[in-house]
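Two complexes follow with subunit A in common, the first pairing it with subunit B and the second with subunit C.
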Partner chain A sequence: MDVIDVIVKIITWPPLWQLVVLGLVAPLGVVVGILWFERKTAARVQRRFGPLHVSPRIGGAIQLIADLMRYAFQEIIIPKTVDKGVFLIAPLTALVLSIVPVVAVPFTSVSHYWPIPMEYSVLISLALSTISAIFIVLAGWASNNKFSIIGGMREAYMITAYELMIILAILSVSAMTTSYNFVDVVLAQTGGKWFIILNPLAFLAAFISVLMATSGFPFEIPESENEVVAGPFTEYSGLLYGVNMGAAYIKRFVYSIFITLAFLGGWLPYGPGDGFISGYLIPSLVIIVKATILMAVFSFLRAVYGRYRLDQALDFAWKLLFPLALMGFGLGLLEAYIGLIG
Partner chain B sequence: MSGFVSTRGQVGFNDLKIPGAWSRKIGKDLYEVFIGPQHPGSGHMRIIIRIDGDVIVEADPDMGYVHRTMEKLGEGREWIKGIPLYERMAIHDACNVTLPYVRAVEQLLGIEAPLRAKYLRVLLCEINRIAAYLYGFGIFGVFVGHSTMYMWPFGDREVWIELADWLTGARLTHSYPVFGGVRRDVPADFTNQLRKAIRYMRKRLEEYRKIYVDNPVIRARLEDVGVIPKNLAIELGITGPNLRASGVLYDVRYNDPYEVYDELDFEIPVFQEGDALARVWQRVEEIKQSLRILEQVADWLDKHPREPILHDRFWKTAPPLHKKIFETEGRAKLVPLYALLKVPKGKAYARAETARGEITYYVESDGGQKPYRVRIVSASARNAIVFKYILPGHRVMDLPTIYGSIDYFPPEADR
Partner chain C sequence: MVPPKPVPKTKPRRGIFHAFKGNLEALMIGVKYFIDPKRFTLIYPKEYNKLREGYRGFIVLIKQKCINCASCARICPAAAMKMIRIPEVDEKTGKQKVKNWPVIDYRRCIFCGYCVDVCPTEALYHVPYHDVVYQNMAEMYLDLESFQKPPEYKAAEEGIPVRYIVDEERGLVKVPYKEGEK
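Let's look at the complex of A and B:
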């Protein structure tokens, strides 16, 4: 066994592969593309050019890399008034915790390539995904700035609005398949019976609550520039600010993967075979492509909607989204009862 | 923070009787937030709000951040230099803002602009009005987080700014109306391009309605937010579209017609609701009326031959070269007489309807080359008080909505 084999072995070791490659590198690549897409489509709608000056030949596609470099080389200013330890730790922890749920989901049906046993993967991944928001509240609190605190409080309010709805909406697929295993959920969708078709209510509930969870329009409330500057991230600068923004996008990417697995058929219609490429790489790519399309839809809404008021968003969540999620859950149960799901 | 109250016997801000440095006691559970003046949601103005949870209980508009001593500066300059000075109050509304000054001085001089010049003034006034409303729409759009409504009006405003540029030679600070007339006549193909712009704008207003005014999210944000009841609007003395959106029919163009507004056929839209949505609709409808006025002006300009656009008193002093340029190119250069103009002793008063409401000039001359006093009451200065009365009771997130819907412009208010 020579060195290259060892390196390949290490990289393709499922926990590392999923955490680093699928959790960190893939989102970064996707985010570069998605942000470019977001800015270009918004520009198209708004009759502008969008990013152009960095790499004019490919339509400014690497604009975000230039932005990232700027963030990376900018001085990180830590104001005297902040709670230094928490101020530094909060965004980094939020970043790590938003990646972690990737480890708890399967990217293939071949059990050899699962990082952890997948019996309860729906529950575990959902539970892990809910932790990172606390650190955004914490970042706002540690900043000791009125706008940050208001922004953090808004984030806390929004957690009460979206968390239950996401869990309910995604758990409705468990009700349909009577399994907490994402692999079973995906395999139940074979033959074009994607759960987005069988249970559109739960999909809609999941879609909207993910929009809320990741501050997408029309729910871009915690970071609403016109009232609270940058919300919890007002005092952050340089790379730490970039980390905050990156965490938000990774979170959206992770939720997109959940929705892809639960409603969009995961790696289907591809059937994973043997070996690394057929059994692991291609299924992961299929999932990432589906998640990317979902993210593109998320980001297009920016050009269409304004933002709701905080109390209106909470109203919307509890008066419309909660019944919708319950109905999706009920529909799932009904379909399982009449045997629609094989 | 609002200063500190000493507890250990030292001298606190309260003991120093410096105006503006007194601390105020605020309620026990209130959180005081200073929005502005360096804040993306306030413009160049500070609004001090005290919030209980998420609800504003007290709001204190604190004007004066961009005060430029404009009235005092005016006393040190020749009469004609007042025009480029005062239009800096609202550069995108330059013709409307300086017109009453010009008319007040014309009253003192005892002259009146030729009819064609009056039509040209109305032409630029309405172009400015549309551009200023579109500017307000753009700012309002970004305040409620609607980025498309931010970009569209700013892009469409370019149409009107280009027209103004073509007409006057400057995109914003036109200095177009001068005592006894205007600076330039319309270029040859201007009216056709104007009609094209009018057609384009009508089409675009419909698209604005689709994506913005009838957007469910935007409607949820604007409806029943920042309601100014009719009696409060009259009591506070607010003016302009905000007053008309509260159900009061008051427009200087209608109540006290100046220039040729009494010869033109247009309506003053009035809305009864008085909320932020009504204020948006008010401006949309007023743009439509402005387009109607512009059409009539374009027709008039087409039908009537060119004639001098300056009053004879000034025009007869123009050098032959200037007259020749005017005959061939339609441009009238400022005649040298303006530089040394002496205005007879007296007091004059004039007003006009700007994009943000009524602006009033009181001009006093002691017979010299410079004004003795020019007092300006601008529309935004009168509208600012409204924040104090309608913000309390609303959520913090309503602040940009209300601020944007009032279309408040700090440089105009602070002068």
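Let's look at the complex of A and C:
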């Protein structure tokens, strides 16, 4: 066997492909574009230009590369007062744990290319996605700084606001298809019956709670710049801060993949065929493109909204979002009962 | 005549549907501006704002018109205009004598333009720009020679001139400056 064949075989081994390529490389590539888009969109709506001077001809598109390089070469300062072990471990663990749910998600209907058996993939991926938030609280606690601790506590409060709603909203597709398998969920949406059309309430609940989970703009409470400096990440500098931010965006990307699979039809309208390219590469590309569009919508909201207070966000979550998620669940059950979903 | 009845203030409407409508309206405004951004940022070193005539910018002295009356120094509210004594030879009689001349201290000047207004012989005038750079604070206290020539306007050498006009639909709009426009 040739060396290149071996390398290709290793890279395209489903668990590695899904963790490293789809979980780490693709989100980072997407994030660089999305951050640029976010800044340019906010600038457009607010009648400014946004990043421009680094490369005026392409609209400052390589500004983010410059920022990335700045983070990469900055000195990592570890203050004396922090709990050193936890301080270092927390962001790295959060990064890894925010990637891990990708491995429990099918990117194709061909069972040969699943990293793990997919019978309970909805439950497993949702359960895995909820772990990483605790490490943000931990990072805030280990920093031993008043802003960090306030930010970490805010994050802890927000977990109580979004966690149940996100699970309830995405599980409503399981109620519709009577299956915990993401593949069944996607295949039930063939023929244009995407669940965003059949169950818009659950989609809205999932969208808003993902916005809360990833501190998207109306709910950018734990890291609000003008109240607590950078929230739990105040004491971090250089590459560690970059890892923190990367973890937040990867988390948003992973949740976008969930919503894509649950409500936006996954790899449909493309039908996976045989072989690596037709059966794995193109379906995962379709999913990534859909998730990227969803992330662009998330970042567009930055331009429009201000910020809720913590109590307002909790109020909103339990008084409006929770009933909305329940209604979505009920609507899903009703549609399954009257046989709307084939 | 009966005074008009006081109209009770309407309470702000609350409710889920009202909030939903408000959110939707805000998003629509965002989309509207995203499609058609009405931006007016001045990209400064490449563009500069060509200000209109009568703008109270930096002040220049015409020494030939000056009658050494010191009105400008007296009226200056920030005490930026000062009279300095310069000895010189009178041309007619050939005698040594000392004259007072105005100089300006831009560390203090507030660009109110009172000195220009009060000058009885119009020996002072404004230049229509204010973006002038000095290397240090001492340079900002001009002497009589440098007060007589307009300060260097670097932005005009490198950038293109633009103007801001108020449009009824679009608000503040940046338009390129046409030559000869006042």
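Throughout what follows, the second predicted complex is superposed on the first by the 342 of 342 C-alpha atoms of A that agree within 3 Å, B and C clash if a C-alpha of one lies under 4 Å from a C-alpha of the other, contacts with A are read in each partner's own complex, and residues count from 1 in each chain.
Operating definition for what follows: contacts are C-beta pairs under 8 Å (C-beta built on N, C-alpha and C of every residue); 3 or more make two chains touch, one makes a residue touch a chain.
Keep in mind the model is a prediction, meaning the values are calculated, not measured.
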| item | value |
| --- | --- |
| Room on subunit A for both subunit B and subunit C (clash or fit) | clash |
| Which of subunit B and subunit C A:Phe217 touches, first, second, both or neither | first |
| Touching partner for A:Arg47 - first (subunit B), second (subunit C), both, neither | both |
| Partner chain in contact with A:Phe300 - subunit B first, subunit C second, else both or neither | second |
| First, second, both or neither for A:Leu310, with subunit B first and subunit C second | first |
| Partner chain(s) touched by A:Lys84 [first = subunit B, second = subunit C, both, neither] | neither |
| Which superposed partner A:His112 touches (first subunit B, second subunit C, both, neither) | neither |
| Partner chain in contact with A:Asn226 - subunit B first, subunit C second, else both or neither | first |
| Subunit B versus subunit C as contact partner of A:Leu320, first or second or both or neither | second |
| Broader residue contact with subunit A after superposition on the shared chain, subunit B or subunit C | B |
| Where subunit B runs into subunit C (options 133-141, 277-285 or 313-321) | 313-321 |
| Contact residues of subunit A, present in both the subunit B and the subunit C interface | 45-48, 303-305 |
| Subunit C to subunit A touching residues, read off their complex | 16, 26-27, 29-30, 33-34, 37-41, 43 |
| Subunit B-touching residues of subunit A, taken from the complex the two chains share | 42, 45-48, 146-147, 150, 217-218, 220-221, 224-227, 229, 302-312 |
| Interfacial residue positions of subunit B with respect to subunit A in the complex | 31, 33, 35, 39-41, 54, 141-152, 155, 211, 215, 217-218, 220-221, 395-400 |
| Footprint of subunit C on subunit A - complex, ascending | 41, 43-49, 52, 300-301, 303-305, 320 |
